[in-house]
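You will see chain A twice below: alongside chain B first, and alongside chain C after that.
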Partner chain A sequence: MQAEVSEVMRWSRCRDSAPPPPLAGEVRTARGQISHILRAALLGALALAAAPAHAFIAYVSNEKSNTVSVIDTDSWTVTKTIKVGQRPRGIDFTRDGKFVMVAVGDDDTIQMIDAKTQGVVDSLPSGPDPELFVQDAAGKTLYVANENDNTVTVIDLEKRARLGDIQVGVEPEGMTISPDGKTLINTSETTNMAHFIDTAQRQIVANVLVDARPRFAEFKHDSSELWVSSEIGGTVSIIDPKKHEVIGKVVFEIPGLRKEAIQPVGIGMTKDDKTAFVALGPANRIAVVDVASRKVTKYLLVGQRVWHMAFTPDEKYLLTTNGVSNDVSVIDVAAQKVIKTIQVGELPWGIAIAP
Partner chain B sequence: MIRWLAGLIGFGLAATSALAAEPAVIGVGYLGVAPTRSTLSLVDLPAENDGVAGARLAIEDNNTTGKFLGQRFALEERRMREGEDPVQAATTLAEKNGFIITDLPADALLKVSDALRDRGTLLFNAGAIDERLREADCRANVIHTAPTRAMLADALGQYLVWKRWSRWLLVVGSHDEDKLFADALRRTAARFGAKIVQEKTFEDKGGARRTDSGVTLIQRQMPVFTQGAPAYDVLVAADESEVFGAYLPYRTWDPRPVAGSAGLVPRSWDAAQDQWGAIQMQNRFMKLNSRRMTALDMQAWTAARMIGEATSRTNSGDVKKVTDFIKGPDFSVAAFKGTRLTLRDWNWQLRQPILLVDGRMVVSVSPQEGFLHQVSELDTLGYDRPESKCKLK
Partner chain C sequence: MKVLAMVALALALSGTTARAADPRYPNWPCTQAKVPEISLAAVWAGPALDDAETKWKNDAKITALVAKLSARKTPMDEAEKSVKDFLAASADKTTNAKLLFAGLFDTLNAQRSQVMNGLERVSHKQREAADKIREEAIQLQTLQGATPRDEAKVEALSNDLIWKTRIFEDRNKVVRFVCEVPTAIDQRLFALGRVIQQEME
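Presenting the complex of A and B:
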């Protein structure tokens, strides 16, 4: 374990922009080569033995380590740690499942990880300091929030070329796209708005004021509502996407916890639109919200400073990234229980699971 | 008028005016004194635009938001020369600006506040840390974004106590503001259970801060000055006047850390602060001003952002409406400190976490873990409601 930490620290200090040499297959341990062989054997055995019906692969961006941890959801272990650029945050799969895109803000680019070889193979012209991004349903166009220059950058994913920029509010962050692909949503943290952008015209059509520091936006699958979390405001605003009006708010109250500690960020919604999960940051909890009544039904204790989350494609599990405790919590969605904690790199930020 | 127009163009507002039909212009004034402060370290010398540079950035931020709401912000800056009448300058500013951010000494601020009382102008004190402006001399038309000496002292004291450095050697300068900071530190020690084992006064006998062979002399003086103290954990210096504080680290007789006005310093903001999204703000500030952001810049930024926050929430530039909202129960502002900032409704002081910095890094942020409060942990810093002598009028 010690060897792994020092390795990570060495790289996080490295300011050289050249990609670090590929690490042989996995995390190093004190036993080095032996463990490498053992683990390879073990992995091989797993792949052969278990029918991979429920095995998915999750990719977690570690903001401080400058790495991406690869988690096998069958064994719930980290199978590989990939060195990436500086300050990896937003992370997602391309629609074809072939690549993992990770925004490396301090290198002003989005890197592409080949899902097969699990190494960085290419990068995208994202604009300065990319943080979060979203792609259209076809996987052809990518929209990137650039925090440093108040723009959303539009990228052609096939040509890997920049198509243009859209001016938005101060510190754009949250990004999502309506299920019909016609409306792009961007939230700006200091302007405190959700900007509605027409994807055909690439122009803002409406701006909806929400509570302070909006971090994340998520549509209901039936498109009837847009949920926007406000980290400093401590609420989730529910917006009617047709009328562009806030029609409700989810509020959080945890006995024994002061209000300031409740800082909602990531939102996950089940496919039936019945249950939403909201990450509450330094409150160290995930709120389970009944979507119809907009009321919290349960708080699940996870790791420290929980920000983002992803469902396994079968929606059996929800994985959350806990920045301060450097781990990922696994929630059994049906039971609404935390069943596992997995140590990853330093300051885990975003998470994406292979389709 | 010419200056005002030039200001508008300077902030790139002319370009955005074409977007919305006749956006409402919200006038914000900035009234400050030209920095004359001399510091021991060359690195700490304040920039000519210290403070107002933060207001300029916030006006830019407000205008980015404002273009979606049909609101435009214009900053009118006024730097006073020595001996100028602050009341006259403020009255002129108040003609076009319903909000004025000030960086003035306490007495000048009080004069301005009383002179503008019947006008309905809302003042933001970004510069003065004096307790009395929030206590006996508090005013209903002044919002304080600058922290107070007691808040700064408590923030430092909580950390020293958390660190179990509870025996303090207090060294106090001979100027009035040094004594006021020492008062705040004594109060902190009593509140949080630290012990001041000895107090020493460092007399300002005049003399230049910059000399050609100063280091040799200081290296001989400081050990002798701190020799023979009773056993202590940390030397706490109260030297707002910049006469001796920065000479103490590494030169004390006993090998002890230094805190207060040098060493580990409590501040509302620091150039090294990069948590809670602050890096974006630091980058924006650097781009606009070609230098790093100071505490005074941040206090002015926060003031101008509070105005922008309230105008966007009320969708109005009306001074009365905006003032009522700022003073109302629903007001809060985000300022890159990891928590929402709100106002103490008994004296209009902005609650805020205080950074403890060493000139290169943010060492810690107070309030510290374990200092509890029934309303807001931020109220463990400074005078709390039951202790306050303020009667707003």
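Presenting the complex of A and C:
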């Protein structure tokens, strides 16, 4: 045993002697701000000459550097790096676009960032270790998955107050809500199931078995199908949400790539429900899936360990977070091509784009 | 009784891996799902490496550079500069770029496998150690409840348990830390591959 331990110890020492990685996001901030100012000045000057393209603002949570990177989708640069609490993961805008909510798991809370001042202004009463959350269509109720105590906390977003908890009995992982707000889906890594929760009764009404380690769930916009990704199983299960049955599966095969490297996590679907994008983790690729035939039409090489993604509101671009290469890839949705890579902080996890 | 409480706590904490175990790799102790080897397609979008996969070993310049770039004590900035300098000075840039990447791919993949195997071996032994600690804890409880109580034996076994538990906890900490090493290697290989591909264009 001693030999093995000393072997791993040697590795940890090697690591110690290496200098700490540069804080890419923070260095870039200064430059980003300058370019932001320049760009603003230029835009002002050109405003009369030509209408500028729509620019959006994306917020990326960096799990390891405890920051949120702000990206301008016009210049594709990081314009600001906001210090937040410990271990930021789940991130989303309030429906009115005024605040960005970010779950800071190790601080047991959800912080609110003012989108105007780009600083943390308030926090929400989640349970312990919040990982991610979803809100209903109206943006009135927030459901928070607390990784450590097997509950989902229900929060009134207007009052910023806790309404109660739902005992889900298992460690909640992925979460989504049906477009009508009546059903909350919670995936569990311990049971390998998608649990259907009635939001009015706050009780589990159905359980559907999927493949190993379900990580993420997404409804089609027309509510006819629920897609659930399985990280270890390497598939996406398609569930009929009325019958609570698996009606199909998306499988992935990439020539020259080990099966274990294909670990589906995040799913994004276009508003017309025709095309789905599935992040494949350490395969470093996004699969483009034809929703009707449930077949992969293309694989796009992005950065390392891609997990989550967000569309710009005009659906021209899809941005993905690549946790190991510490960057965000920009995909041109119509052309189905990666057009840009933006360095952010360490371990980028979630992403939200201003509505 | 304190000893038993400590043992219970150590064993309880060791079981709190956030994720369910991968049935394919029951001894894998890390949070991220195990990918046994890096596939070339995951890190290289450049031209086919062809015979560079075997030939890189015959080129002394390449092997020396590969050794330097693979060592994590070489800072990334310096590593990237070395790649650029080397390729800029190469007469046949494409061939040298392929040889260099082939060497890095082989070497870093081998390093990574070594670390992962080590992790799984230690994790397996940790399970055995946990079983042993559990067994001794039960023995201690029996000894403590016996009449007449053999104080010398109780003390000897208590001390033994304290040591075993401490070693167990220390190794668990090391495992958690070393779990980041395979990812750090992935990161280095990908970053170096990116620079090499940029230089080829």
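To be clear about the criterion, the second predicted complex is superposed on the first by the 301 of 355 C-alpha atoms of A that agree within 3 Å, B and C clash if a C-alpha of one lies under 4 Å from a C-alpha of the other, contacts with A are read in each partner's own complex, and residues count from 1 in each chain.
Everything that follows uses one rule, which is that a residue touches a chain if its C-beta (ideal position, glycine included) is under 8 Å from a C-beta of that chain, and two chains touch if they have at least 3 such contacts.
Model, not experiment: these values are computed from the prediction.
When the two structures are aligned on the shared chain, A:E260 is found in touch with chain B and with chain C. In the superposed pair of complexes, A:A283 makes contact with chain C only, with no contact to chain B. With both structures placed on the common chain, the touch criterion links A:I247 to neither chain B nor chain C. Between chain B and chain C, the partner in contact with more residues of chain A is C.
Looking at the shared chain after the overlay, A:L301 reaches chain C, while chain B stays out of its contact range.
In the superposed model, A:R213 makes contact with both chain B and chain C. Look at A:E147: by the touch rule set out above, it reaches both chain B and chain C. In the superposition on chain A, A:I339 contacts neither chain B nor chain C. Shared contact residues of chain A, touching chain B in one structure and chain C in the other: 147, 171, 189-190, 192, 212-213, 232, 258, 260, 282. Against chain B, the residues of chain A that register as touching in their complex are 129, 147-148, 150, 169-171, 188-193, 195, 204, 207, 209, 212-213, 232-234, 258, 260, 282.
Remark: chain A residues 1, 4-5, 7-9, 11-12, 14-15, 17-19, 21, 147, 171, 189-190, 192, 212-213, 231-232, 254-258, 260-261, 263, 281-284, 301, 303-305, 324-325 touch chain C in the complex.
The part of chain C that touches chain A in the complex is made up of residues 18-20, 22-24, 32-43, 45, 71-73, 75-76, 114-115, 118-119, 121-122, 125, 171, 174-175, 177-178, 180-181, 183-184, 186-187, 190-191. Every residue of chain B that touches chain A in the complex is listed here, in rising order: 61, 64-65, 68-69, 277, 280-281, 283-284, 305, 309, 312-313, 332-334, 338-340, 376-378.
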